[in-house]
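Order of writing sets the labels: A, B, C, D, E and F. Residues in every chain begin at 1.
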Amino acid sequence: MKQIANLLFEARMLKDLARSGYAFLGSGKESIAEHSFITAFICFAMAKMDDDISCEKLVTMALIHDIAEARTGDFNYVEKKYSKVDEAKAVSHLIKHISFGNDIKNLIDEFNSGETKEAKLARDADQISLVLELKKLDDTGAKGLEKWFSDVLKRLETDMGKQMAQSIMETRWNEWWMNDGSE
Amino acid sequence: MKQIANLLFEARMLKDLARSGYAFLGSGKESIAEHSFITAFICFAMAKMDDDISCEKLVTMALIHDIAEARTGDFNYVEKKYSKVDEAKAVSHLIKHISFGNDIKNLIDEFNSGETKEAKLARDADQISLVLELKKLDDTGAKGLEKWFSDVLKRLETDMGKQMAQSIMETRWNEWWMNDGSE
Amino acid sequence: MKQIANLLFEARMLKDLARSGYAFLGSGKESIAEHSFITAFICFAMAKMDDDISCEKLVTMALIHDIAEARTGDFNYVEKKYSKVDEAKAVSHLIKHISFGNDIKNLIDEFNSGETKEAKLARDADQISLVLELKKLDDTGAKGLEKWFSDVLKRLETDMGKQMAQSIMETRWNEWWMNDGSE
Amino acid sequence: MKQIANLLFEARMLKDLARSGYAFLGSGKESIAEHSFITAFICFAMAKMDDDISCEKLVTMALIHDIAEARTGDFNYVEKKYSKVDEAKAVSHLIKHISFGNDIKNLIDEFNSGETKEAKLARDADQISLVLELKKLDDTGAKGLEKWFSDVLKRLETDMGKQMAQSIMETRWNEWWMNDGSE
Amino acid sequence: MKQIANLLFEARMLKDLARSGYAFLGSGKESIAEHSFITAFICFAMAKMDDDISCEKLVTMALIHDIAEARTGDFNYVEKKYSKVDEAKAVSHLIKHISFGNDIKNLIDEFNSGETKEAKLARDADQISLVLELKKLDDTGAKGLEKWFSDVLKRLETDMGKQMAQSIMETRWNEWWMNDGSE
Amino acid sequence: MKQIANLLFEARMLKDLARSGYAFLGSGKESIAEHSFITAFICFAMAKMDDDISCEKLVTMALIHDIAEARTGDFNYVEKKYSKVDEAKAVSHLIKHISFGNDIKNLIDEFNSGETKEAKLARDADQISLVLELKKLDDTGAKGLEKWFSDVLKRLETDMGKQMAQSIMETRWNEWWMNDGSE
């Protein structure tokens, strides 16, 4: 159990680490834990809309896809040009004494390969998480987001992801409560 | 898809809402999204340690257990004495136009009833998330946490939850990297 | 005096509690203590402009109108749909051992009833406090405030409150020092 | 009314200005608006405990005692050694076009002179506001507060102020809700 | 060495002190240490573009030009109207037991006199530091900056400073990485 | 000048990037710009205490030693185990269109080689900057700093650096103003 406690404290670190893209965006702020939550939630919704998807695989993959960033840090578009991150090494240390370590490694490998249906969707959810933030920032007054929007939308690969992102672009961030179905 | 976009923006709101207990603790800070992430991660670890647990059910239950707080707010121990929250109403509005709305409702109901194995574990994970924060605060200099520790530990119901919490209490928050298995 | 110390620490808690509306607005931030200060200050100005108003009653009413939120929390427009707050119970606990407890209770009851001249003005000041924030946010770049402005202005009941709000809408937030009468 | 709008925006600025002492304390944080709120609240309690005090005068004096800091800034113990602040000039500019400007000026003058009963109490409340913060910081883990405590307590002049401060020193910051009279 | 330790802690305080102008601007935030860094960096660039400039003098002058603000605080345009700051006294206390105290005093005096080439450039760099912040705020959504831009540009005295500021005005804050020469 | 504007915006980015070690420390916070300021200031003091040191070289080296982190990000002890950062590539892009680009490159190379007297001192100043933060955190209530202190002190190479650090360890962070020589 000692090793599980260590694993949990390591996951907990994601609450204290800010996603590095926002400094370059010039607005907004998000911890890696917050990003992981919303990515997993998007995947939950995806899985519920298509019975051919393994909900368990998709959601857990999203939940842990950035776990190695507790050790490596989060790299944005610019930073990636100058660093070679050995995520595999970080994962291997992270799972060393964990009985279900291979499950973690396999999910991360599948995510990174991007070949299975679930991996493609999880990767799209990773991007859609950013679309949600950008749309909220755009609706509330931030400027200079055009290139960010166009770049993130281009990275989407699945039909479901593209439709979801398209729909987010057409929805104001506060419609859910401004027109909340309570009447 | 419009209704899914609304649902995602609603989940996204959990990033902007602070858990209300920390003001009363006098140290620390956490968004509901961060709490939901770590609770789901704890459940992921729990599910991987016992094959009789439905991983899908446990993790998704944890992931969405506080989703209604986007509408109701988060209530701490003191606030609960003075408010009667109609979480069921919030959930019913939230799922109104969502095709898989009943899946959300059923998971939340199961969590709240606390009768199934998964519900008991998810509820313990909800508490263990707080144990992790308290332990980190204690290790880094906060005072006055004794009553908080004893209260949260008393609320645990499962053997696995109790062992996990016990192990966290015996582990320094930074052991995972101070002694990180990299050598 | 012990009970007075407790009362002061309870009022002090309003410094640590953020007003919940700003997360839904998407910009700005304010503690309940800050809101209470500016509401009381607005009431001070109101009282000084009309001799028929009891300055003492109006200002103290504004100063303590949200004191029960230390126990209940602050509820925004959305949250109010799902919670039934027993403010009276909170007040009764708060004043239990306070010699002048009834004075507190009476002021809050008068504020909530909204029938006396002072109560109507204090309730308008409560709204005008928000107008000031919205105007500052609007002047400095926030977007999406139209509905907020129109809703808050509609809630005003007194002539003095309406004129004050109108004047705020026509004044830039920084005119007071940009053109500060120092020359 | 234009001039009243300007006055309100000027008072509003106190929400955006941090009290300068906390950087030197090394812990804690407070806006001038928050400090003004709690000072006025302390005065409200003082007035209610002694019928010979003018509640209106005491509370309004506390509420506006730092209003000129919107123009001058807040000066801590160290900064005061190197600056000569012309508060009177700031007040004269602030009240220039305000019909009740002399009421503001008179209250501030009375506060600064510290001769009347209400002025002495308001000045003590100004210090007690700091005692509350120091006690909370002490209870939650801050170190190095001894000199601050002894300095602030020495500045108290009235019996009521001294008793109140003494009682705060003997009360934990969270007793009010840990033992909240709700049972 | 004890006195050097004290001097370093005094310089360190500039990290904890916010520049006071931003509250009046209504957007942005900056510590005095951050301002001192960028001012010194601008001076480094200036010195490298003109061999007739003493790089050592210019950069060290910029680095320490606000050191006395650890004792006096930072005064913005409004605050300066109401305070007479005795910076010389602050400097004299600061350098009292420092062997190279006169070097500090001389650099600050030269900066304040604004007569030498290096002093003029350092003073321009002080303003250009603000231009950089304003331009970033303008590019990312802040409103109401026109008067700030025009005021700061008017204060520039040197040709190099004017050209630099002009060039900043014509450059988007994120061009350096959006078009970063890495391809 | 366009390229200089880009360079300044790049340096400006250091204000928006947090040093990554503090999340692992669990207390404190610092931007790279703040760290660069204090490092350069320490070097200024070092240069003034020994005539054999080139003040210009030492101070400018310290000022720009982390400039490449605008592109690469800041790596703490843990993160360095998993990433291979190509700082040279970042520097080469950064200086591409800068007339004095080689001066930047040479200073960074000299710093990294750590062979010259100035490089050794600048590297010690880089560590002493952390000692100052740790000492302040220790004085104000943070716990768990022992290993951090011992590690940072071990990294010091020069006699001057060691004496400075030793003196900081023996000085309370607020002695400079608690006993400020003003009387």
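Just so we're on the same page, a contact is a pair of C-beta atoms (placed from the backbone, for glycine too) under 8 Å apart; a residue touches a chain by one contact, two chains touch by 3 or more.
All figures in this text were calculated on a predicted structure; none of them were measured in a lab.
Q: Which chains lie in contact with each of subunit A and subunit E?
A: Neighbours common to subunit A and subunit E are C, F.
Q: If you tally contacting C-beta pairs, which pair wins, A-B or D-E?
A: Higher contact count goes to A-B.
Q: I'd like to know which pair from B-F, A-B or A-E copies the C-D interface, where a copy means over half of the contact pairs are the same by residue number.
A: A-B
Q: Find the geometric centre of each of subunit B and subunit E from their Cα atoms only, then give the gap between the two centres in Å, rounded to an integer.
A: Roughly 46 Å, centre to centre.
Q: Distance-wise, how many Å sit between the C-alpha centres of subunit B and subunit C, to the nearest whole number?
A: Roughly 33 Å, centre to centre.
Q: Measuring from the mean C-alpha position of subunit C to the mean C-alpha position of subunit E, what distance in angstrom results?
A: Those two chain centres are 39 Å apart.
Q: Of all residues in subunit F, which are in touch with two or more distinct other chains?
A: Subunit F, residues with two or more chain partners: 24, 26, 71, 78, 81, 136, 141, 173-174, 177, 180, 182.
Q: For the protein chains shown, what form does their contact graph take: line, ring, star, complete or other?
A: other
Q: So which chains actually touch one another? I want all the pairs, not just one.
A: So the chains that touch one another pair up as A-B, A-C, A-E, A-F, B-C, B-D, B-F, C-D, C-E, D-E, D-F, E-F.
Q: Can you tell me which positions in subunit D touch subunit F when the two form their complex?
A: Contact set of subunit D toward subunit F: 24, 26-27, 78, 81, 141-144, 147.
Q: Along subunit A, where are the residues that touch subunit C in the complex?
A: 136, 139-141, 172-174, 177-178, 180, 182
Q: So in the complex, which bits of subunit F are touching subunit A?
A: 13, 16-18, 20, 23-24, 26, 68, 71-73, 75-76, 78-79, 81-87, 89-90
Q: Once bound in the complex, which stretches of subunit D touch subunit C?
A: Residue list for subunit D touching subunit C: 1-2, 4-12, 14-15, 30-31, 33-34, 36-38, 40-42, 44-45, 48-49, 55-56, 59-60, 63-64, 71, 93, 96-97, 99-100, 103, 128, 132-133, 136, 163-164, 166-168, 170-171, 173-177, 180-182.
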